[in-house]
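Look at the two complexes coming up: chain A is in both, with chain B in one and chain C in the other.
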Partner chain A sequence: MAIKILKNISGENKAALIIFILMGLLPIFISGYIIFILPQYMLFGLLAVSLCILWGYSGIISFGQAAFFAIGAYTMGIVFKGGGEINPAYVGIVCGALLSGIVALIVGYFLFSVKVRSSYFVLATLALSIVVEQLAKSQKDITGGWNGLFVDRITLTIGPFIEYSLFDDIPMYYFVFFITLLSFISIKWLMASKFGKILIGIRENEDRISALGYNTSFYKTIIFAVSGLLAGLAGAIYGSHAGFVDPSLARVLFSTEVIVWVAIGGRNSLIGSLAGGILVASLSNYLNSVTPEYWQLIIGMIFFIVIIIFRDGLAGGVEKTYNKFF
Partner chain B sequence: MEIVVSVLIDTALITLTLALAAFGLAIIYGLIGVINMGHGAMLTLGAYFTWAGMGIGIPFVFSVILGGLIVGFIGIILEHLIIRHYYDNPFDTLLLTWAFFLVTTELIKIFFGPDFRTVTNPFPGFIDIGFYKIPTYRTAISILTAIFIIFTGFVFFKTTTGIKIRAMIQNQEVASLLGLNISLTYKMVFGFGCFMAGVAGGLVAPMVSVSPYMGDMYLVRSFFVVIVGGIGQILSGTLAGSFVIGGLETIVALFSDQVIAQVAVFLFAIIILRLRPQGIFSEK
Partner chain C sequence: MSSLLRIENLSKSFKGLLANDDINMEIFDGDVRCIIGPNGAGKTTLISMISGHLKPTLGKLYFQNKLINKLSLVNRSCIGIGRKFQTPTLFDNLNVAQNVELSILRHNLSKKDILKKIDETLEIVRLIDKRDILANELSHGQRQWLEIGLLIGNNAKLLLLDEPTAGMTSEETYATTKLINQLSTEKNLSAIVIEHDINFVRELGAKITVLHLGKVFTEGTYNQIEKNKKVREIYLGKADA
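Moving on to the complex of A and B:
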């Protein structure tokens, strides 16, 4: 029975299934630093997915994903600082995601509705990243300036009586794990729907899709907003997990890292991007401790090679190997 | 009146300095359509080579030229090995030059260290016009920029090389049928753009702290200069774009702080991008 079900699902879903089962079981076998840090990489993985749906699926490159991530993280920090009647964690997550989504919607509408060239769009997102970073640095009263903001760990509440703190690593791990899983499934569903197919059509031939009667600007705006929403969600939870947000979250270099993750993971594959985010961020962290001088150079070199030679990234490589042997 | 004159002088200096920084980018983008994301790193390289040249006793002017030549040479190598295979795919050239930027920035950090460096100002002091003191060095490089632009304009419109380049932009196929060596022309244009970026880096070095990330800010501003001025309008467009971006920044900074001015300029450029994607003064 189980084998029969396994046969019916596609290779990419199989890979996703394996990765999620592995991540779900991991805390049983190991503990300590890895369990502490892995949720952060899962959130980076979600950030990578937020770029994948733009770059891989819709043919739009954004150099501003860090800006949306930072908007989410800062919203979380500001909500926590403000306090209030309702659980600040819920307010922070919802507002962080919505605010990023709305900013993306406005920027997307503003630029796509007049069919701005895609290379100009890249520059506009680059500028967005810098604007957010500069604002975070300069508006000291709200954002704490260079010093950033401290954020508490999330406490889950159901009704007025049930409280569950995610202060320990394992509860936090599973919370982030389920958020990642749910977001991934939703995005996967969205991309498999008619909406996702139209986006792929836009990537392949925008003129033809628009000749078929679809308003391509509308679809591009919506996917950009969804991407912003997802990046903001990941950022809000990241703020609470890291306990700290600072302007470096919005810097262009961080946006670049997201592009590197997706390029290495495989721009056409959602699970490839997620895995790319998790793996490359772990690798960066590892290299950073081994060779602090050279790790960014190594990542840069890998980026070069991936763009020139392995255009489908890790996901493409795995798929080819898999098809060869099975 | 005196304030107006001093603001005008300031604006002129800022316009020309920005035009200098953006010129290399405008040439490459306008003539061969490559978005050179490595432009900022090339500026930084030029600044570091100038610093290193002066460190071993070469005079400032020759250090700048030498720095520009090395950067131009690096650009030609990059073009020959990688970029020329991707001319028909603008997105790939964008990513590849960005990868160049990443690798170069890291190499700069490894070779020169992450610390700030200073290049001694060759012309310290001011030109005193009574009510306002104009920094001598900035005046010098502004004049130099004007000369660069006029010289390029001369080459572009009055020489055979210029005619060939213009023919190539107008119709690549026919130009190559007429015996124009397209790939060589592309290579020379790319190399010249990189050379100008290196020279610009060397020339702005005495006015800023030289650090591995100094080019980043110039990269984005240069792009906006090119977009606001209009792509393909290499000479007048670069000047007009620099005037709008630099002038606006100066004026907004008068009323608020530097950061707000920068943010305002970026938002303005995004609005221009939408309302007049062909550039603020271009017709069509």
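Moving on to the complex of A and C:
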């Protein structure tokens, strides 16, 4: 029975199942720094997924993912600084995600409704990163300027009596794990729906899909907003996990890193992008501690090698190898 | 029979060059109309104005007796004006069934009905045994049919077919005339067909409009047009020589 069910699951879903089971069981076997840092990389993985649905599915490349991540993270920081009656965890996460989503919706609406060409769209997203970074630096009273903001670990509450602090690493790990899982499943569902199929149509041939009666700027605006929402959600939780937000989060360099994660992981695959974000961020961290002078060079070389060998990133490579042997 | 498309005094100028000059035409439900004319006669310009890719400089377009001049390209496809481009425009990296599915998704059907309609459509355009093949692996003629299939799946009432038999073998060309006539008689669909291939035009047997220098030069059946000496001079004459 179980084997029968497994046979009916697509290769991509099998990979997702294996990755999530591994991540779910990991804290049983190891502890310490890896369990502390891995949630951060899961959030980077979500950030990579937020680019995958744009670049891989819809053919829209964005250099602005760091801006949305930063908007989420700063919202969390500002909510903590401001205090308030309601649990800042919920306010921070919901507002961080919503605010990013709304900014993306507005930017997307103006750019797509006037049918900006894709090369100019990339420049506009690049500018967005710079604008957010500059705002973070200059609005000292709100954002702390260069010094950034300190953020506490969030505490989950249900009603007035039940509290669950995410101060320790294991609770934080599982909280981020479940958010990642839920977000991944929701995005997977969205992309398999009619909406996702039309996005693929836009990527494949925009002239044809609009001549079939689909308003492409509507679909592009919505997916850009969803992407901003997801990046903002990841950013808000990142703020609480890292305990600190600063202007470097919005840097163009960080946006470029997201593109590298997705390209290495496989831009046509949601699980490939998620894994790309987690693996490359982990590897960067490891290489940085081993060879601080050369780690970026090594990542760059890996990027070239993967792109040359597998056009569809690691996900494409795994799929090809799997099909060869099974 | 009710009027599907009515064109009144339609003109289009590009920086002073009159590509279409005062064109009048009426297409009824189930009509097939063939438009011929030498290069630069304004055939594709006319189709582009009907599909909404170009805005007319002057004149009016009515679809089912409603003025559609201000309707966007997207909305024109929604009311049933479907265009097949001069070079087949498909979702190349998707398979044949996925291509047709994208044209059907607009109608909010259930999953079962979508699958049924994909099969029906592929049956009509003779691609049912190619459903799992990528669009860019089809022959040129099959690509043309698939694009017609997208228009059928999209529920187009008026098919604008810009050179539908370009790149086809004579056998495929013959099958295409049968397909267009079958759609007209069985499904009551109308079509405006631009073609250069005179064998196709004869086989199709539809009423012909000859465009020359942006104007309607003459109209008639194949036999009438073939006997018209002036048409021979501007078009067929050149082809003979």
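Following the convention adopted for this analysis, the second predicted complex is superposed on the first by the 320 of 326 C-alpha atoms of A that agree within 3 Å, B and C clash if a C-alpha of one lies under 4 Å from a C-alpha of the other, contacts with A are read in each partner's own complex, and residues count from 1 in each chain.
What we mean here is this: contacts are C-beta pairs under 8 Å (C-beta built on N, C-alpha and C of every residue); 3 or more make two chains touch, one makes a residue touch a chain.
Just so you know, these numbers come straight off a predicted model, no measurement behind them.
Once chain A of one complex is fitted onto chain A of the other, the partner contacts of A:Gln296 are limited to chain B, with no touch recorded for chain C. With both structures placed on the common chain, the touch criterion links A:Lys197 to chain C but leaves chain B unconnected.
Touch criterion met: A:Arg208 reaches chain C, while chain B stays clear of it.
More residues of chain A lie in contact with B than with the other chain of the pair chain B and chain C. When both complexes are overlaid on chain A, the residue A:Ile18 reaches neither chain B nor chain C. By the touch criterion defined above, A:Arg117 reaches chain B but does not reach chain C. In the superposition on chain A, A:Ile185 makes contact with neither chain B nor chain C.
After overlaying the two complexes on the shared chain, residue contacts for A:Ile30 are found with neither chain B nor chain C. Once both structures are placed on chain A, no chain A residue is touched by chain B and, in the other complex, by chain C. Within the complex formed with chain A, the chain B residues making contact are 35, 82, 90-92, 94-96, 98-100, 102-103, 106-107, 109-110, 216, 220, 223-224, 227, 257, 259-260, 262-263, 266-267, 269-270, 273-275, 277.
Across the complex, chain A meets chain C through its residues 194, 197-198, 200-201, 204-205, 207-215. Of all residues in chain A, those touching chain B in their complex are 61, 107, 110-111, 114, 116-120, 122-124, 126-128, 130-131, 134-135, 137-138, 252, 256, 259, 263, 293-294, 296-297, 299-301, 303-304, 307-308. Interface of chain C with chain A (complex): residues 51, 73-75, 77-78, 82-83, 85, 89-94, 98, 101-103, 105-106, 150, 154.
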